[in-house]
């Protein structure tokens, strides 16, 4: 019944169109443009988790920061329910779009109690009025993230990492958002409690129909938690599809590399990744950005590969997926 | 060398600011500074027309050109080394007065500051290295020393080593009987006179270098690379010098800017106590005689000297820290 | 293979599998007196020649403290309060030396030449104001005094090439290198004296997965070639299972389980180990709901009585609160399994829950043995030349 | 007064415990090694330990001087300006600290002068700290061109030698009261604090909790007041103490040169008269020693207090508790072995 308003197939609540962020680095005598994010089309659907997977320097965190409007996009559009986010009042926008930060040891201010952290957004977004109202709502929020209500009076340092991250999630929920951006929400936590946090977010997706963006470097956790996975490399999306498709039948050489490099106790054969040079920092800014690390690189890779549909829900931006006859003459670039 | 270029730019801007302050201050003060000063000087006796003239020139009141024109004229004079005429030592020019005093100060303050910096840094490195050892008992003492006014320390040193023990002369830069020259007699006499003021400056300023270096050392000792150096089985000396102290000294050098103007200010007062024939003592005489051209000239010269010292520190910093050379 | 003419008689040459480092009853605290935090308590461990011994644990498990206590590199207020760390050098058969009673000079001589450390963050572990070459040469200057200047430089070049860095980068300062390159430099530095033991404290945690994999491969290859033993410390158990021969799991400063890695992965005996294994989502198969471990990692300032894990354990029994289980061979496993667990479920008084009683895989995995003789040979050759 | 540490400072135990936590930074979570981080000010456990001996000693010394400033003029045995018959008398029962060249009572001058000295020091400290907070925190928070200009300004003021500038300034200003002197001193004394506060604000501004507060809908002013300022408290305190010390030393210097109203008793003015009357050559140590010693003591008190604050900001600066061989081992990079636990028994095997 809820399938029209949430879950896969529903209308996206938050959309980006050709979103880009370019930084200009000065120094060394010349200017250098870093294309942190380029030409990003993303759709966050209520009741689903979209994972953005990539290494450091892939631009994945910049995506989250642009979506919560902490970073101003260089070009492109963000729309919330079809409305241009750039024209929306910041507070009205953030009422619907909230964020959970990576490091719960850094995202809570050590001088304020957990209760203060939760009360502030309640008041700022008009979800509660001063007085007893706030205390009750704070209790509700804590319960939703499975924390004891007495945590309201504690300071962040009295909590463990997992408890802090739950408190941070509770804060993000205070405005009753429809979109939750989670930037590496478990990477700073102990292994044994990571799944607890992911499961909590998963429950929120199911019960509240939240659209969740899950930014991570860990493709296995994306496979576990996400409905869709988007793989980014050096600011560009190289592959996207359902989480299982992307990890089980990776279509892009970069995704394949990521998967073969990930720790995997069940791995049967050892994959040799020693030839793949590392680092997205020096990636080319034109054509396929992965080509200097790609074992299959061809001349044609100097040109931006199109998004090729592998299945109806799965695309990869790679010339290998384009029939040879369809590829542009490679000699042109070489000349 | 982007870092050095930036520091050079900063130095130029600061020099420009100091010069401009020097120019505008008397001109923008409420009331007529010359009248004010004449009134003050007249309490002490008659004002010579020459002094009046010197003051009017200093404030640009002798002719009635606009402020902007005066500003450029002022710059022109500066480039010719013309800082106006001193009232105290009329008809000597300010440049002459400063020219006579400056070498004394440069040698005394310069050498004492370098000694103090080196001594304090070495001591601080050692105390920070041997945390918890007896060496730390120096800390309270140096805390006390760093709070002592320089000139008062001078008074104590004089009364102890000069008046009471008679080991060193009480004041002056050299004995009256000897004419300044490069003879060994004169040089040794001057050095003899410089011992007490130098001890005063070192004693008063060394403490802050010790404390600063000790704190940096303690912080750096917690860095992983020091642990690695120890894990590598390097000798104590190597760990201390190439790893710990080498890194800890960088902020100390960077902090030179913070302290050098402090030390110089204090040292000027030390000269006064010792009647040492340097810039500080000239400043004292200028203050006592309300000799504004001389005061301003000295302010400029001291600022330039401090800026120069800072530039030297910057160069040292670049030589010691490869990270600043990144954009070379 | 030539029979070594070096000082080591062939007959007593240590074999792969002999202990090279034995830790007995090691305890370490932060601070002294009643406020002291006991970070490592009564740990027994044996590292064998050519072996990769993995130590896994979460925050507060004491795994890093253990590693640094072994080398006596624990910083103030860290203090070692009990135990022995016996290093058995290959060239001193039979006799070992206790690192905890050794003097500074002895320790300094052993450090790096026999026991090297690869630190977690190469960014912070390299001195920012010295060139990479200088820092590598430093080691040789301290330990190979008789080596000529040219020989030292040649050795440095050889080492960086071995870890896949062009010698042209030797004049670089650490900040001019990428994270992966810095970590390689650290590894080259760790191996330059061909130590018998290399301690690796989360050597790849700060790196991207691909770089991490490359560096791990390199470590494995170099071990094949040089035959050193590795103590590999990490929070990432899934990684450890792939590379380690033996794995020790720590919780609240104590060892709770130790087993060959295949046994540990397929047939964990401690509920904590099992919980940890279930905390890593798989890259294969069906998506099942995993739960991790309830509760929070232990706070070393407030360790529960008895078994420290009981407050998070699904199988807690009354005696867990009062008696601390000893580390012992689980009842039901043959002694040849060479494994230990500290859990009352395996003392034979009750059948362990099925999830903790799976049969171990038949064959005991062998760790690499090939390199051990190689390292001795090169040594001997060096001594002759 | 070195600047605070380079790397995030935490309690050593916490360092190690936290170091175990998932082993350090994750790709992309670059720690900024060039910023300092004050220890959580909210921790009562730490606060208790911060009350180190140095801090308490500083408090006691300063308390005594504040008391002196408060009741000094009331308990002074003589009018400090009263000329007495005993000229240049050494300490005696009539005059505990002797008399000046004109027979004035040194003890009375010292007691009365405390108030003026302290008022100018504290006033200058307050004004300078206010200026440095406004300029430093604003610059650090706002960033961009405004920040560049503000930090250039404070750097210029930092480098220009204060005393000669003050001499020129006070020379042109008619001799003013304590407020004027304090104002002029604070004009040259704000830059240090501003620089440190700016650096701190700059590093805090990039912390996650500031961005999280923005996302939680907090307005800018609330972020400055409730999120940033609590974290610069310690630095604010340190900067204030430092400036008070600077102001006291500077005003003593100015008074010594006769650049303040020398008819109002302060310790600097006492030294001015002692110098003018050539007390040194007269051997009248009781004339110039007490005021200088008082300045040095009050400075020591401030510096000790500052140590307490510094150690609060950077707990690593605390003295080590290890002694003897253990300390030597630990300085040499060898963890001390202090066998407090029972020796390993042959157990469980």
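Just so it is clear, A, B, C and D label the chains in written order, and each chain counts residues from 1 on its own.
Methods note: contacts are C-beta pairs under 8 Å (C-beta built on N, C-alpha and C of every residue); 3 or more make two chains touch, one makes a residue touch a chain.
Note that the structure is a prediction, hence the values are computed from the model and not measured.
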(message) If you average the CA coordinates per chain, which chain's centre is most distant from that of chain C?
(response) B
(request) Taking all protein C-alpha atoms shown, work out their mean, then name the chain whose own C-alpha mean is nearest to it. (result) D
(message) Taking the mean of the CA coordinates per chain, how far is chain C from chain D in Å?
(response) 47
(message) With centres defined as the mean C-alpha position, give me the chain A-chain C separation in Å.
(response) 34
(request) Find the geometric centre of each of chain B and chain C from their Cα atoms only, then give the gap between the two centres in Å, rounded to an integer. (result) 56
(request) Any chance you could list the residues of chain D touching two or more other chains? (result) 12, 18, 21-22, 26-27, 320-322, 330, 332-334
(request) Going through chain C residue by residue, note those that touch at least 2 other chains and give them in order. (result) 58-59, 73, 75-76, 107, 120-121, 124, 208, 235
(request) Spell out, as numbers or ranges, the residues of chain B touching 2 or more other chains. (result) 131, 222-223, 227, 229-231
(message) Touching residues of chain A toward chain C in the complex: what are they?
(response) 55-56, 160-163, 190-196, 199, 217, 219-221, 223-225, 244, 247-248, 257-267, 270-274, 276, 278-279, 281
(request) Write out the stretch or stretches of chain D touching chain A in their complex. (result) 18, 21-22, 26-29, 40-43, 207-209, 211-218, 226-227, 230-231
(request) Report the residues of chain D in contact with chain B in the complex, numbered from low to high. (result) 1-3, 5-7, 9, 12, 15, 152, 155-156, 158-165, 167-169, 171-174, 192, 245, 249-250, 252-253, 256-259, 271, 275, 280-281, 283, 285, 288-289, 291-292, 295-300, 302-304, 307, 310, 314, 316-317, 319-323, 327-328, 330-334
(message) Residue numbers of chain C touching chain B in their complex, please.
(response) 71, 73, 75-76, 107-113, 116-117, 119-121, 124-131, 138-139, 142-143, 173, 175-176, 189
(request) Report the residues of chain C in contact with chain D in the complex, numbered from low to high. (result) 24-32, 37, 39, 42, 44, 57-65, 68-69, 72-84, 100-101, 104, 107, 120-121, 123-124, 201-202, 205-208, 234-235, 300, 326-328
